[in-house]
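Multiple structures follow.
The same subunit A turns up in both complexes below, where it pairs with subunit B and then with subunit C.
And then the complex of A and B:
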């Protein structure tokens, strides 16, 4: 390891130690109380060992998905179980640290403000052992998606993934976090994406951790001219989960499209903070997040959009809709718009509600039982987000996993038709 | 088929229906006409079982059963169908899937075998032709982005698929242009049957030019004020409703 990488790691560790975990006094963490995580995991939350039990990674994989595969088990790349494309360069962070420390350093150190803003990212920078490093050369369109499956058997894993997409190149990446329910732990996962001129990515991020796992994630996207970023974020698993999604539209013509779905039950806590920076003229952003909350679950959505001075002809629209299936479920949602010039189009809207009585009556008047009608409307509400997925294997998989969580979903196969 | 006796119903504490008496035999078509606010839609909602309508007095007997004791879905299984005045848009719920669930729920209730996907699609295609509904509507969300006329046609299409014994058409003709009205009327006429009764609630006599009723009732101020044949509708069209009220007051 080169001295400079070590220095960065050391500085990050010091930043983490100095800051400690964020508290609810911090405006950005007002609704997500990590002291609950600390109570669950203890003071050594950042270095808990995984359970010894063998992990059957294949059992977690998306069925029927035709893709290149990268498998990480308990934070370590499993080359034998992976299937890498020949056309583009894909390696693991551990290999990169060994072979090309300067490149590894670039990946770990490319978020100077994040390092200061979030002690969790600092801990991740200090401790990340592995992750995927993907370079798509210019004018390359990968023939199949890249499927990154991170499986754990509890314990702490720190994952750092970097994706660099060359000019006019195009790729689909699926990040899938899963685990077996044998012990508690936490996953920190930072994914940095760079889109060069005219580059495209469709990025699915499936948080399906085991029931007692915590998940702290960050996706950071830097976009150059005419590039486009599409996110399908689904939060289904874990006991406490938080993800920060930051998209920076740095040059004219860049666009981002953030789609998110939470399905929370029991005492699950799910938080997405998104931030879109319109830093250049003629950029487009679309954001559509929905939450289905049952039991005593708690959802948090914070959508910040910052339109910089000079970012004229900005076109931005944000929607957040929340369905509360239980009187004890809770959502805290907050759109935040900061606009520093006049020539922009920014729309936003938030709804929080129960199932629509008129729709329920309509369905019952056609012969559906009350339970069937509720299930059908819940499905329709959530699927509005999943229908945006281009990859049908991923969509079907997420639909099944999402609706398996909800009561009264009986003939799902048929409903998916 | 349906016997309504001294039916009183309130919405939010306000009495809307003030003693309705109505008997409808099998295979009959009855038109209920009346001015705005007379209680026409309240009557159809009470029969279909919508929440928020409180029956304070009277009985509704359907095929010998106490209709008011049934849940809305039980009424549907027993063959009651309401064509909505304002059909609800349900984005994301597939039109065909909804109907399949409805048809099969009713079949289960009757102890019949459920239709499989093939049989059902055959049924649906055939019925869609009846109301000249484009096949593309079958795979769309329920009423999602449909025009006013398309929504009403979709209601009659659903009626054709669900094959009810008692259909309530709540202002199905409102807002239809003459072509759409013809199509809807043709659909309803095709569905006339000896074991199927139809109640048409309407403002306009013109519907009755296309679907000929056996009986015409005038509903005003929460009561049936007058009952007659088709000529009563023509008279209402010509003279309005006030003379009926005056006649009632005089009696």
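And then the complex of A and C:
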């Protein structure tokens, strides 16, 4: 490890120690109480060991997905079980730190200030053991998606992924977090993505941690001219999870498209914070997030769009819809606009509600049972987000996993037809 | 629009000179600047207040001393030195106790005349009872007799403390507790006067009640306290309007307004706020940090806030409704205009507690020049609020590329039977709309006025007649020079 990387890590650790975990007095963490996580896991949450039990990683993989695969087990790259593309450079972070520390630095710390601004990211910067490092050269289009599967058997893992996409290059990346239910811990996962001129990425992020795992994730995207970023974020697992997505549209013509779905049941707590910075003229952003909340679950959505002074002709739309299925579920949502410019078109909307009685009645009048009608409407509500996925294998997989969580959804196969 | 933008000159955003900028020269009985327990005792003694109120004030003051000034809103300003404010100032002629308008200091009457709202004219023509607050002590109350016939009490709160102590004691501070927030605590400790309204059971108040606030003597912070109680089945419409003389030093205005609506009662509270906004460099101007809250205690009660905010250097307030009673209704209609260096962080809170409670929020923000404004609102639907319903719409209109418009809506829902919708848009004046008007021979300035008035119409429609006219005129005056 080079001295400078060590220094960064050291500084990050000090920043984390100084700041500690955010509390609900921080505006950004108003609705997510990490003291609950600390109560569950103890003060040493950041270094819990994984269970000894062997993990059958293959059992977690998305069936029928034709992709290059990177497998990480308990925070370490498993080269034997991985299948890397020849056309582009894909390595694990641990290898890169050994071989090319300068390059590792660039991939990880390309936004050092931003990466230190949250104490969780600071902890991740200090402690990240491994992750994927992906460099897509100019004018390259990868023939198959890159499937990154992170499996843990509990315990705390710190993952750091860096993706650098060259000019006019294009790639699909699927990040999938899964785990077995043997012990508890935290996954912190930071993904930094850089899109150069005209680059494109389709990024699926599937958070399907084991039931008792906590997940603290962050995606940082920096976009150059005419690049486009599409995110499909799905949150299904974990007991307490938080995902921050920050996209910076730095040069004209960049566009970003964020889609998110979270399905929470029992006592799950899911928090999604997004921020889109329109820093340049003629950028477009679209955001669509939906939540289905059942049991005693608690959902949080915070979508912030900031349009800077010079960012004329900004076109931005944000939509957040929430479906409450249980009298004990709670949603706290806050769509924010901060606009310092008059030549913009910005809109946002939020809805919270339950299934429409008239729609239920209509379906029942067509001979469906009450449960079936509910299933169908819930499915339709959530699938509006999943239908945006380009990759059908991923979509089918997420649909199944999502609806398996909800009660009374029995005839899913039939419904998916 | 690009052509329009070139024509626009930032200097022009200053709009016209503040028309109500003049200082009336009346001897004031003013306390030296500073704040301590003695000042609180002094104010209380000056007002001949009973023991319980003094204790209440002192409790608030002690609590205030433990609090720190909040800084979370999206505004920036030089902090206020609370020891440099004089907390009491009463016009000298108060001692004589004017019994009718004829006895009122002619200079006061002149002041009102300059504002274009002479009391007598209103008395005769508009049929509106005016409880005018000149600085801190109410000097003239009209139509008292007529209101008394139906049992309505409309008087300065200091008078109410004397004449109806049990009513005041029962309700004061029950909606906004003394320790609610920094400014409410300060207000509770040092409030000098304000209005008190009591509408008895089943009475529909025969006229619109109106208070015109004036801030006059230099360096006097204004701490108004308003308390409105509407008993079962009653109705009242209350109007509040403000202007202030021009000066350089910032003035703090930290009022508290409490509304209580019992079963089936309705309160309509309208505000037109046009305090001195500071000069074109952002110097001076009023800090308007106000706590306004309504408690819909009774079933089927309804409170409606309507505000037109064009003045003040900084406006920071959230007229709120606590919808406690089943089937109660809260409404909030707001137009906020920030130009020059004005800042506003305003919105509302709708706290749904009762069953089938409904709330509507319509907020229209217009930012021009270097103005910055934020809508910040909370819609909270509690576990018990079965069938609650909320509709929120907040639109912002931006004029010029140096202003800002922001939206921070908080939505907290704990009941699945609740339905809530929130919509917000931000845009500039449509080029097509402008072009259409211009092609019909309407000047650009008139066209902008028309479009802005159309943009605000949903809110202006909620204002009582007299105010609607005034509001339209205010918008036109305020936007003068903002375009082309």
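Please note the rule applied: the second predicted complex is superposed on the first by the 414 of 417 C-alpha atoms of A that agree within 3 Å, B and C clash if a C-alpha of one lies under 4 Å from a C-alpha of the other, contacts with A are read in each partner's own complex, and residues count from 1 in each chain.
By our rule, a residue touches a chain if its C-beta (ideal position, glycine included) is under 8 Å from a C-beta of that chain, and two chains touch if they have at least 3 such contacts.
The structure presented is a predicted model; accordingly, all values stated were derived computationally and were not measured.
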Does the superposition put A:347 against subunit B (first), subunit C (second), both, or neither?
second
For A:383 in the superposed arrangement: first (subunit B), second (subunit C), both or neither?
first
Just to be sure I read the superposition right, which of the two partners does A:369 touch: subunit B = first, subunit C = second, or both, or neither?
first
Pick one for A:143: touches subunit B only (first), subunit C only (second), both, or neither.
neither
State whether A:338 touches subunit B only (first), subunit C only (second), both chains, or neither.
second
Of the partners subunit B and subunit C, which touch A:359 in the superposed model: first, second, both, neither?
first
Figure out whether A:43 sits in contact with subunit B (first) or subunit C (second), or with both, or with neither.
neither
Scan A:322 for contacts with subunit B and subunit C and give back first, second, both or neither.
second
Which partner, subunit B or subunit C, touches the larger number of subunit A residues?
C
Intersection of subunit A interface sets (partners subunit B, subunit C)
none
Would you tell me which residues of subunit B are touching subunit A in their complex?
48-51, 71-73, 75-77, 81-82, 84, 87-88, 90-94, 97-99, 101-103, 105-106, 141-142, 158, 162
Can you tell me which positions in subunit A touch subunit C when the two form their complex?
27, 309, 312, 322, 324-327, 329-354
Across the complex, what residues on subunit A touch subunit B?
356-359, 361-370, 372-373, 376-377, 379-381, 383-384, 387, 414-415, 417
Contacts from subunit C onto subunit A in the complex sit at residues 1, 72, 381, 383, 396, 398-428
